[in-house]
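Two complexes come next, and they have one chain in common, chain A, joined by chain B in the first and chain C in the second.
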Partner chain A sequence: MNEINPSGWRPAMNTTSIVQEIETFTGNRALQLEEALLFEIGSPDRSGVDFDEVTDIDLSALGPNARKGAPNLPGLSEPETVRHYTRLSRQNYAIDLGVFPLGSCTMKHNPRLDEKVARMPGFADVHPLQPVQSVQGALSAINELAVWLVKLTGMHGVAMTPKAGAHGELCGLLCIRAALEAKGDPREVILVPESAHGTNPATAAFAGYRVENIPATADGRVDVTALTARLGPDVAGVMITNPNTCGLFERDLKVIADAVHAAGGYVYCDGANFNAIVGRVRPGDLGVDAMHINLHKTFSTPHGGGGPGSGPVVLSEALAPYGPLPFTARQADGSIKLIEEEDAYLEHPHAFGRMCAFHGQMGMYTRALAYILSHGADGLRQVSGDAVLNANYVLRSLDDVLDAPFGPAGHCMHEALFSDDGFAEGFSTLDLAKGLIDEGYHPMTVYFPLVVHGAMLVEPTETESKAGLDQFIGAMRSLAERAKAGDEMLKSAPHLAPRRRLDETLAARKPKLVYKEV
Partner chain B sequence: MTRFFTKDHEWIAVEGSEATVGITQYAQSQLGDITFVEVPAVAATVAKGDSASVVDSVKAASDVYAPVSGTVTVVNAALEDQPELVNSDAEGEGWLWKMTLSDPSELASLMDEAAYQTFVTEL
Partner chain C sequence: MRYLPLTDADRSAMLSVVGAGSIDELFADVPEHARLTAPIAGLPQHASEMAVERHMARLSADNITAGSVPFFLGAGAYRHHIPATVDHMIQRGEFLTAYTPYQPEIAQGTLQVLFEFQTQVARLFGTDIANASLYDGSTACWEAIAMAARITRRNKAVLSCGLHPHYVETSRTMAKFTGDELDISEPALIADTDDAAVIAKIDGETSCVVVQYPDVLGRIPDLAAIAAAAQAKGALLIAVVTEPVALGLLESPGSLGADIVVGEGQAIGVGLQFGGPYLGLFGCREKFVRQIPGRLCGETVDADGKRGFVLTLSTREQHIRREKATSNICTNSGLCALAFSVHMTLLGGAGLAKMARLSHHRARKTAERLAQIPGVTVVNRHYFNEFAVTLPKDARQVVRDLADRKILGGVSLGRLYPQVEALSTGLLIAATECTTDDDISALATALEEVLA
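So, the complex of A and B:
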């Protein structure tokens, strides 16, 4: 039932027709194209652009910084450049190709409508240094998105500028630091539960705090007793991910927040998994003081490839006065004012500083706002409902062949968590993940969270249809059965990918950081 | 020489007021292939429970905690080029650092070999 293409338009193939031994002159395998490095294509005297001849340049102003020789740049024509990146992109896996079940990092469809809106010249072709009167439309879009984010989270204010999740975490912790210092009560410790996102302890350390771990309970949630017992005058705050990285809702967040506030600390919530609760739970109602929202995870802006991300941070009434500059404010006459350093002493005197030079990621704001407006409040509610339903469908469709450590305790939220318990001796989560590549899927997150042995974290999101999920589940069932039966072929998977299993250990122990010896 | 173990899977072999510290066979088996070991600085003073070293594997980066308080005297320089020694001989050639003990009474809170083996089988 999970066979791809059951109508049979593809010519019948028996397994022996996939012949690995055939070698081609080029190394290509039909449409599976090999590609050289950029520096190995073309020649330095080639260029896709015509430059004017330049003679007699005076380099004296550069002094010792003037280049002694030509830079080692690749020389390619435009079609060579286009083909290079197109070929590489064909070896890539993307959300536009199929199910992307990466847990802990919501990978959802980016509606094309949002792309169209982001490309409108009034948004795409403006410059951050333009006079504010000439970009009222763009500023108004930022302001409207800010209003939506505050409303959806039940918070008091929002810092729009942080450029990604971890940047947002830092922004939130700097707000906490500024608030405590304003009270003359600087503190040293941030508590981070084991069920929190991996970036949280790194952020706390980067913000100058000492990190202390709080254990998880047997059911995968924060150990409230251990956390409250640790609270004291040295604890600046806690960082909690909700829903957490086990795919579970932290039911005791309100109790925790009350205890933290009573001890004079603040609550940071990692909002990376906000997609599971948007439209249903407002973090502000749970006592959260700061939470970043990854626009690329919840509001469908493009994801991966190193950016551009966007991580606005919503702030409670207690922390909002310390949020960074600049931000937008709607005036009585309807126009938008940009509050920057010149005015801050009047309107926002306690800002801790800036997170970035300008207003943040305009292209992401417009996509996120288009997503929110096109879905509406009821549509956003359905997004989280469908995301959670899909995850539970995956969990219950696989919990008879894969061990689901928190499965017996009840429903999951946005992601289904499995362990390698029950695999044949010598078979691991890595083998199953590599097998998934042969099946044509990007593997799920593996070996995280650390609290589960050989963890496999699957987040289908609301993007997938039941048919799409059934096919993925079929592939997972087949692989789980092979891992339990000890199918040796699985240990050397992938067999059908452009490259076989890579030696990750050797790559980490003896990394090669240059493409050729010089 | 007496060997003690911690709940965080470190071992410490004590001889007088000198000791050698590493991670256990069980710990290396759980971490998988070790790719990098960050050893403490020589002459660093560590308190019991301090994060003194970091072990990176293909699966995770893990802190190694000082089993007892004291001063680091020697670190295992071979690990810089051969982190795999921790995999092949965790409780021998894969040792991480040697230290002098500032409070030998802290050893009383650690497990002996038999107690640790029982602890591991119950995990």
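So, the complex of A and C:
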């Protein structure tokens, strides 16, 4: 039995071994609750919704495909439903719980005002095909966001409808393709730097292009000499991320853009990291022709466990005529016109088509607009400034214990990049990442970008406090020391999470993607 | 600023650790000509929560909301009642503010939801498996066409005339760039789907036949016949469901022989939201698993042997396969999938069937009442909760006139098919369990006035 110390504070016990030995009947561990599958607790005749009973239903209009019985879908009453999902929610890490330093993903605080705004009935309870006269407010909101995006990027126009970053990339490349085809100069190749997000080459291939990789220089940037040497009449364009995935600003983007334009191609900028420069740099000033903006990154719409996102694409004067339908235009009388198929042949004859049904991600537009209006032009500049300051603070607070491959060359942008160089034999980035889980953090992005061995990409964002970062840095220092010392406990981390390391090989070898009754 | 925790004292302490004199110095890598030294001119400065809320509320008020008037729109987006529990659950911060579950030890909540979602979708569609969602129905439709081309190694797709025109346009956009050949046609205002015409188009080079069920006019095609015809020629049947509630009363496409079933999940749990974010549903035969686009969640065990879930088969995906990936999709519709799943759990199979019966019942009452109006003809022989009528004049103007009378009276076919004169008098009318007798009377009365 431990003594109670004089201050009245019970000294921490070394409980690790005891905790692991305690077994409970339920498998629960106090507030850490296990939850069965819906299919194990629900049944098709149970429901959490009441409907009016109607007896005089004539089903003859359904025709011969009327189904015989109800679908085999288990239901739960309302209290059971609330409990099921609440218990599941508690097995998730989230920004609301702590630092979420996932590099390139921009996990910043999601303001609750934005949630409230998105649920206002004039945005949430309107149908996309209502007559335009009945949705002027909703169209105004879209138009207002579009104006902000164009001005913040110094571009000419914006295609709002792409549903996520990768969809935006596709939209941008289709604009490039349409522009080249209009000139009678179809080309086959898109150049993509090695450090690019995987979506870049996947998108280029999806749009029918052949992808060629461009190497990086030793300082983590695109090799301008290699890139310009490869330009020629077969190159449709380049896709460059700026700031790039090493967390560095591509200083030579304007030089690259001028060379690409001189060779008859176009510049696509992956705007995933626009949050680092918003209010401080306009991509239009760097010669960019198209860039998607992840509203779920820079403008803080929630990630929701994997979406929905939103990826509007800003376009240069050269590409704007080819942007997809529909889009909004403010009329002289202040009303908003919706340009869709009906009027397109008059007002937007070169549109390459449609990216999706309806008008894109309205629910994300309203959230992003509320976020932008809250910050204003001055606040957005502070957003990028604080994001970059926080990242540099992490970089300089850790570069004595972790290898920072581009650290000596100068400041980083919004994310700090480290490698596993110096870890004990057999210890890797993954071990440090899983150790962070036991410390109560979500791991950083690991093994990306591919140009750095054992990469660890840390993006703190501007919504972390100094005190919060100091504690995170303390945890990182401790883990770095353990990885260098070869602490075996780290190899099997996490030990304290709802699950330990999961067998991903088993999952892929024998895929079980749906529940099957035994 | 309320979202920024750093104080000026914090900033200067941190700058001294970083070794910079100011935040601006951190941007030294930006070429001077492109470095902005002050906030961008012509844009407003920061605003309080109250001010932003007031501005947005003003924009919100400048719309006619579906819930405030008699409302009969469908055409790919449906207004069903969503229990309060759904929005409560998706606003749990642990779901709302989580990332894609790439670290499964601390993302079992999202992962188990996705596994349950995949199972619910597969059972609803009657397919072996389903994925963890795509952006929306229209993009899911194209992904299915692209997948069918990979499987059959053919690139000629037959799109039935009853496929939603926005889905057609989305596919047509993509096909222009991939080189796939699409057979496209427009529907005619006749009582039944022309399944024989679709079947006649299938030949030995057809990769897939894409058939909406119910179709854009609300008619119900004979999927089993088309499936058999397609499969006899080595082609796949892709069924497209834009109103998933219909499957509470209609046989599932998978049970009728569809190889791939895609759909728009918006009607269950997600809401209208002026068109997005919505929820792409994607199910198919198990043998196609390695060709599926998008994320998949699978069951496995952890180091202690406990059941757990992970994202799996990611060697199909862009972050591993890069230019050889089955799709470029990354972010999907996770939170909408959660909303769908919670609503479906509240409903259960019996609840879904009841909601479907009520929707059908309200549609039937609407059709019967409208048929009494001189000059109005109901087109469909069969339908679930949506049907077409023909009017004695251009339906686009009628819809606008109805809106002036605060009635949202359907979707004109002229808006969906502006180039097809023969459809200009067509109006699509949808009803759900939300539609009341008063709504139906109000629509009928106003329509009589507008047509008089």
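To be clear about the criterion, the second predicted complex is superposed on the first by the 464 of 518 C-alpha atoms of A that agree within 3 Å, B and C clash if a C-alpha of one lies under 4 Å from a C-alpha of the other, contacts with A are read in each partner's own complex, and residues count from 1 in each chain.
The rule we apply is simple: contacts are C-beta pairs under 8 Å (C-beta built on N, C-alpha and C of every residue); 3 or more make two chains touch, one makes a residue touch a chain.
No experiment lies behind these values; they were computed from the predicted model shown.
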| item | value |
| --- | --- |
| Touching partner for A:Glu504 - first (chain B), second (chain C), both, neither | both |
| Touched partner set for A:Leu295, first chain B, second chain C, both or neither | neither |
| First (chain B), second (chain C), both or neither touched by A:Arg67 | second |
| First (chain B), second (chain C), both or neither touched by A:Met476 | neither |
| Touch count on chain A, higher of chain B and chain C | C |
| Intersection of chain A interface sets (partners chain B, chain C) | 504, 508 |
| Complex contacts: residues of chain A adjacent to chain B | 447, 450, 453, 504-505, 508-509 |
| In the complex with chain A, residue positions of chain B that touch it | 30, 33, 35-36, 56, 58-60, 83-84 |
